[in-house]
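Structure in structure tokens, see below.
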Amino acid sequence: MKVTIWNEFRHEKENPKVEEIYPKGIHDTLSQFLVEAGLDTQTATLDEPEHGLTDEVLEETDVLVWWGHKAHHEVEDTIAEKVKVRVLEGMGLVVLHSGHFSKVFKKLMGTTCDLKWREADDKERLWVVDPSHPITAGIGEYVELEKEEMYGEHFDIPVPDELIFVSWFEGGEVFRSGATFKRGQGKIFYFRPGHETYPTYHNNEIQRIITNGVKWAASSKSIKPTYGNKQPLEKIAEKG
Amino acid sequence: MKVTIWNEFRHEKENPKVEEIYPKGIHDTLSQFLVEAGLDTQTATLDEPEHGLTDEVLEETDVLVWWGHKAHHEVEDTIAEKVKVRVLEGMGLVVLHSGHFSKVFKKLMGTTCDLKWREADDKERLWVVDPSHPITAGIGEYVELEKEEMYGEHFDIPVPDELIFVSWFEGGEVFRSGATFKRGQGKIFYFRPGHETYPTYHNNEIQRIITNGVKWAASSKSIKPTYGNKQPLEKIAEKG
Amino acid sequence: MKVTIWNEFRHEKENPKVEEIYPKGIHDTLSQFLVEAGLDTQTATLDEPEHGLTDEVLEETDVLVWWGHKAHHEVEDTIAEKVKVRVLEGMGLVVLHSGHFSKVFKKLMGTTCDLKWREADDKERLWVVDPSHPITAGIGEYVELEKEEMYGEHFDIPVPDELIFVSWFEGGEVFRSGATFKRGQGKIFYFRPGHETYPTYHNNEIQRIITNGVKWAASSKSIKPTYGNKQPLEKIAEKG
Amino acid sequence: MKVTIWNEFRHEKENPKVEEIYPKGIHDTLSQFLVEAGLDTQTATLDEPEHGLTDEVLEETDVLVWWGHKAHHEVEDTIAEKVKVRVLEGMGLVVLHSGHFSKVFKKLMGTTCDLKWREADDKERLWVVDPSHPITAGIGEYVELEKEEMYGEHFDIPVPDELIFVSWFEGGEVFRSGATFKRGQGKIFYFRPGHETYPTYHNNEIQRIITNGVKWAASSKSIKPTYGNKQPLEKIAEKG
């Protein structure tokens, strides 16, 4: 199972505060704990040719993790479309935090994916509402983050297939923070936390959830459905 | 409540068989029974300027009914995008039959919306699987159509919010024929029957279902959510 | 459309604080605003013969509203079963607050319906997560209650068909506060607020939501499905 | 992972036709292919003390498979209740065919679980509608059974969390044949085929689906939620 971690990788180079938390980039931190969990990873970033997402890379990827924020518009439409097509063909997708506004996620959801937000050191508490879901394995009843960006409802997404986490924010809001969607043959996990100015991806429980999510999103390698004009399987009566 | 019925209106002008069934166009037949049900309708067709879907028309439309088939690609991207945006803002949408492949529906679903099909005079029987849904009001346990085009699973759509009808086809297939989706503030009803060479839209039960669907899709005029940067509603503690 | 409001009606007689808020009982307050909204109501309480829920009353009831708390165990099993059967036959059901632990709701859900709780004057803010739902008509983005009992996740219910409200609590919890379920032909709306020691049912927005919920839960009078042994609709081939 | 297969085991002893197909009982056939798939199984039957479902057996069972038909009423209420409680605590449950009318399944669903049926050698074709679900791994687009009992809609169950298979029947009906439900901590898979007079459980594809279902239903061993009275996690302001 091959996991490709895509990161915009701009904040880390432009903001010393972010660089301090993620010196080699958010993708590197994500990769480290996924590798420790036994997964085979590679990384790709915005400023590489084709954003690092060549046909070969996409073809061999079982699950793609996506982190982007300030440069969603710099992702080329053709690449975003290719990623979407690969998801529909069965590649798993884990969309983190501000990836809610990525071209890929918006194309797959069909909605604006808009939300409320605030950068004010809110405490966040992610409550498990689907405790038998494999993505929650090894987690307690909630995960607490001392400081995070706030995301608040209404979150303009389709009704999720599964709602796993709901966040409480110190400033008074709630948010559907962990949700799954199937699109085509692909499984998608959206997970809210991870603003670049906080050390969220160094948190063990957050790491566990992302690892669980990556494993969950991997395809079960089902046979592909066929489409188009089909001969009947049963005799059709002649009609007047 | 204003209903706009959009029709491609090409088959009726090019195929005498279709013209015989729908002499003034499918949109005219749809309009007639919706008017009889007390609704205020107008029509729009592909070959009108802006496909008949000007900003003014879209603005005043509460529910848009969509029938298209052979010329989906001729619908301008900008118009398709405008329709999508209006749905997300709260306009209802009833997508009929081959409209599953329209630009508007595919943009809203995020998937290929592909399916199996066959033009072979299959008998179709639409079974009600959600008998308390208002869209089924006045309908029996199933609706039978002597001859229709077959649409078969897998239908590549997101899991519907509500599954209302499942079709049985004489040639051996099944299909999720009636399904609802919420996207943004808009309510969407996809309803399968209505191939142009059959008199399906003259069937009283089909008319009843479409009428119910139009009424269901109308907005409940809720207050619009707001998005973006927000002040806290509660005091946030200073942190180190 | 006939609405029957069922209330345990014990706290009001035993606790002066509750009596002050609801001098004629919670059922009376609920009835008053539903009548003002144009609905035809009647009430029933635990200590009446058959808890006020005779066969005649149940038969004529389109939507039953249920408030109970300290005496769930005093509701006779046969009555609870009758109410459940009527819901499955198409009677709407609006379950309020501590009604989550009523025999009727637990039978219909099949789960423990357990939750976390605290009586500590938490502020509650109910956020709308399904803004196009008719139950939210006329409501803003959230409803704020200065003081309420806290209910917290995990709420042990089946995944709701529709999730409409999520509550934020001052003490740090979240809760799925408004949710709908279809069971049989019946539509069920669970709505969290309404602890007896707070004046919650005098709040205009709460009244609006309950009124919307009652209207939503009313049956669309669909034809009843039939069950049991059936003749084939198509010819079945003889097999070896 | 321990799988317990429960079988009523009456038809096999009373009907020579059934005995010929399942000489050691349906449970034995189910056990054989589950063992071949690497699972650790044991069996339990109606006529054993406590129906073979002692506290010890239930405690050690990760997934329970249930086949019953003519003697649902002979299952003691206390045993049915214990099984239900264990499911809510996290034991997986795979309900086969006429198990839709078992006490355990009806308690968990909260509905009548009624349906249409016919014993007339209908051909059945189970179409996959959720092709990325792990329960469909290794299966083609459909599974065809030459002869089976017909089950037809409306199937009076809650809306499933996931709909995986829809059956086509020769006599003209459709049925939601494979569906999943979460209840409490437990995962439930209902799978339609398997009338006792047909060799359905000897079919390789049916065996594959049941094996997949058993694996899917096993708990991911999440931490159990806690319930009841809770101290606040945040300071609650004093109010007037």
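Labels for the chains are A, B, C and D, by order of writing; each one numbers its residues from 1.
The working rule: a residue touches a chain if its C-beta (ideal position, glycine included) is under 8 Å from a C-beta of that chain, and two chains touch if they have at least 3 such contacts.
Listed by chain with UniProt protein names: A, B, C, D = Trehalose utilization protein.
Worth saying up front: this structure is predicted, and the values here are computed from it rather than measured.
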Chains touching both chain A and chain B, listed by label: C, D
Greatest separation from chain C - chain, by CA centre: A
Chain centre separation in whole Å, for chain D relative to chain B (CA means): 36
Chain A and chain D, separation of their C-alpha mean positions in angstrom: 33
For chain D, residues that touch 2 or more chains besides their own: 125, 128, 130-131, 141, 152-154, 159, 161-162, 170, 172-173, 182, 184, 225-226, 233-234
In the complex, chain B residues that touch chain A: 84, 88, 107-112, 114-118, 120-123, 146-147, 150, 152-154, 156, 158-159, 161, 170-173, 181-184, 225-234, 236-239
Residues on chain C engaged by chain B in the complex (per definition of touch): 90, 125, 128, 130-134, 136-141, 161-162, 170, 182, 184-187, 219-226, 233-234
Contacting residues of chain B [partner chain D, same complex]: 125, 127-131, 141, 152-155, 159, 162-163, 166-169, 172-174, 176
